[in-house]
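In this document, chain identifiers A, B, C and D correspond to the written order of the chains, with residue numbering beginning at 1 in each.
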């Protein structure tokens, strides 16, 4: 019989609350027994409102140390991730960390080293796209050989609009970061260089930022990837990915929609909110973590994936600023990560 | 070298003018040398405005008799068709007759008999759908055997709206008549029975008429056809045809359109005007008549097809009124029509 | 905090095992504590193989009587359903019954009466299509008024092929039964008449059966439905549903698939196995039952829906045999069912 | 009344024959009265086989000089184009020249100067894509403002395979040349720089060439264009063009095809032969030239467009070789070309 995995959640903001709700009401085999937040009153309020029996701890370290906490979810603000993940590793407790794993590649490197030193995989990073049914179907097609070896990827990441506090470099760290992770996974390959070009700026973007951008990545096997990042595209939240192989192409499925004929148009709705697009993937992702912890085998996005994303993102930002082709220099992949 | 075929056009209303323009400016190898109309001033005006050198004749019979008229286009009002077509046959001149060939099946029968008596094909009826590229592609798929023997057809004929003078039986004589012709051709089969049912009436139709209707036809080979006729569907002019065969289905292509992503919709435009849908087919149809006359072999929709359409339409109207399954009883197909 | 709902499962054949696995491993808040089967050894084997701690009872009545069984799943063969559902109602225990609710409309009627007498909703019938995301999206479009009042439905239910033991009437009881249920729900309307026509038989069907069939239903509000049932269509498991409203049409989404360009084709895969098509709906359906029982409010397909399906199916079989338009005569809907 | 335009055709190879057939049998208002070829016997044979009454001239200059030749079609091999176009201009006769206008940008420049000196537009270059119905529909959408100002274009030009004599630079001069022309027209803009990257080479390409390639163009208004050129893609002849505007995207229509459901696939055919894709555009293109000559106003692709294509192609080839971002430096656009 299944015993519920006892979870402690650090950070009870929006994503923390979502994960608590998920682990308590939707997923199988987990239970949130401990929470904490920089704002303890808020943490207590979440426990009350979600009607769960979880203790509120003074801080993340106390939570990690709690004897009944079997695994940890880190949902606090980015700069605190490294510290808590390292603490969980030190305590020998599996840890699911929302992205970014750390705010610097250096920090990710520390976590990688600590995890390797611990002797077993304890860390999963919250990249959810590899859990999306569409990307999985696309990967299955690639891996089946039906389109031959992939040679090029044409991608787009479009948001209807972004707010005042979104800066040009966030197109990399908050937006492209998902492609940086999922495309490595899709191709089972690493990036070796990146170039960024800025098309004519849309009149719909706020004055302080450049939008759209085109990021061109090259992989170790020579596959060329272009990703249009356009965060004020107005019309929808739209994620496109076309893989061009030696003998055919494959395209990420559009979200399934009712086809309408009305008002002189044959149309399908396009989503406006990113949450609707990947909502199911969050469930699958966390369920996979829970099942993995219980089985003693975490297979989700690893600390190494978190490190690779950080190094790639750093190179992209350099490329944004220089206009040049910038190398992406990863350390040698440790055997530990397979 | 090509010599232009000299045409006489009876009737210079909307469709007559279109055909004159077509034969003068768009098609190859024809020339309009004679016109007439019940309103002779209007006929003269058309000659002037289209800047063609055609003589205006006092009536259709004078036009048919004119020595330089090599072939005749009948575009006058329906009740006059039979008379002019018979006159052209009597004069041994090829004749293209806009639908209906005659306003009664009896009238069509007379034309068939006269044509057979003349010993060669002289008559083409103005059914243009077999000249539509989409229907041709669909027929090519059926004939290729790729979907096996056709067992069922699911069709729809939808118009945005119709005016005051459109009556319930015109859903047969003016609208379904196109399917009655093109589906026989598509299947190379004849109808043996028909039933009409009336769904709940749309609130968008005028009080005096029933709309939509569903017409269910059975063919000699047992293929079942349902045609939704919906002439106040609001959203577009939309012609659908799905053929279900023993091992697959094939669908009439949608008109080619730019695919848009805008305003939270992935959309293609739907046409609103039937003229846009089949405009190219009119050119191909008349060119085929002209080429056929010059080659001495008319292959387009025949007087027999006109007769079959008339008999089928009569049965449909009976079925509208009785609610019963009504037999469609064609005379035996003369060997003359192959 | 959630306490797991303790379930007893009658029948450990294919669907029974699926539901046991579902309730034990996939869904939240349930636990299978009791099972039985006409073959007790097989029941014991299932318990062992799925590694659940459930007691094996001598028969369904013993299982229903067991004090720790809080709700019952009836997955035994059809003729036994009525007896067990009535027993569960008598015991005041909620019961989820795989279709059919009973093998006769009369039997369904008994259950309806027993449930009403019990004073609260205890029965959910295993119709899963209303839990399919596509049908839900379609219903949302209809209910939104975006296509106006529905006037016609064009549907198809196609299977690649069926075996030796599939008879012509099973096209109704095993195949169309899903449409009979889901279309009533989609339209929030009842059937008043039905007619069945048999197109030319496919050469791919075994000698003893007629295939395809077209079932034409009329609803109380006058909506006309045509359903093509074609169980040897070869090419795929394909469920189509187009709703034609007063101002537009809406179509059931195709299952989401990777779009391929290869071998001179732009293509999406079509499923071959019905289980793949509705697999997710089974989870949602049972989760809804579990949540409903715990909340004291069962909202899923009711005994009345089971009765309506049985009455409609009876009329369809009459219509298969007579070729006539057969009335569908439901008893008056009890206020109990809202 | 229309008098036929009397045409002389220089070069009776494949494209020359097609154009002779077109002007004699398909188009309205033209007549081929003179032909010549480097192989005079072959020219005579074409006249015979197409059954036209055209005189065979000793060479292009004699043909241009012939008094009854009113306009000239240059279909000879590329290196001879400049000479004949200049001769036609000198003779004051309108000339339609197959691409390339001249084999060097310098040669194109001479033609531009000669045409300007002649005082009126005499030259049309055989770029047919602006006459394709799909590109026209796409341009209409852009010009309508429905997707806002164009910011990016994502394009692909894919051929199933190429032969031994196709070299890497022909991806520019024979393949991309169509995009170089049509995208300028689509955007009403000029290129200012180009960069070419080479993805991992497909194993299906012959040893001596690089394939695929990605060409990245920047326009004067800052629009960024990426064109994938992949001439051994195996699966089809596939032309893609997506325009990303400030508020939406628009995509070149796919050729209209029957939609099939068969063998577990929902599919549309993809063309394998480029001639099928743009066949109709050739007719429209030449008809436009004929009509333009007769009306005294040639509006098709101009000598300036030919010059711009040549300059752009030169820059692309430099970019292929250098890997660098190469400026595209056009001379100032003469007022003569509007």
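As a convention for this text, contacts are C-beta pairs under 8 Å (C-beta built on N, C-alpha and C of every residue); 3 or more make two chains touch, one makes a residue touch a chain.
All figures in this text were calculated on a predicted structure; none of them were measured in a lab.
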Fewest hops from chain B to chain D - one hop per pair of touching chains: 1
From chain C, the most remote chain by mean C-alpha position: D
Chain pair with more C-beta contacts, A-D versus C-D: A-D
Averaged-CA centre spacing for the pair chain D and chain C, given as whole angstrom: 59
Centroid distance [mean C-alpha coordinates] between chain C and chain A, Å: 38
Computed distance of Cα centres, chain D from chain A, in Å: 46
Chain D: positions in contact with at least two other chains: 234-235, 247-249, 254, 261-263
List of chain C residues in touch with chain D within their complex: 234-236, 238, 254, 261-272
For the chain C and chain A complex, residues of the former touching the latter: 1-2, 24-28, 51-53, 133-134, 137-138, 140-141, 146-147, 247-263
Chain B to chain C touching residues, read off their complex: 148-149, 151-152, 154, 156, 197, 199-204, 212, 214, 216, 218, 221-224, 226, 228, 230, 233-235, 244, 246-249
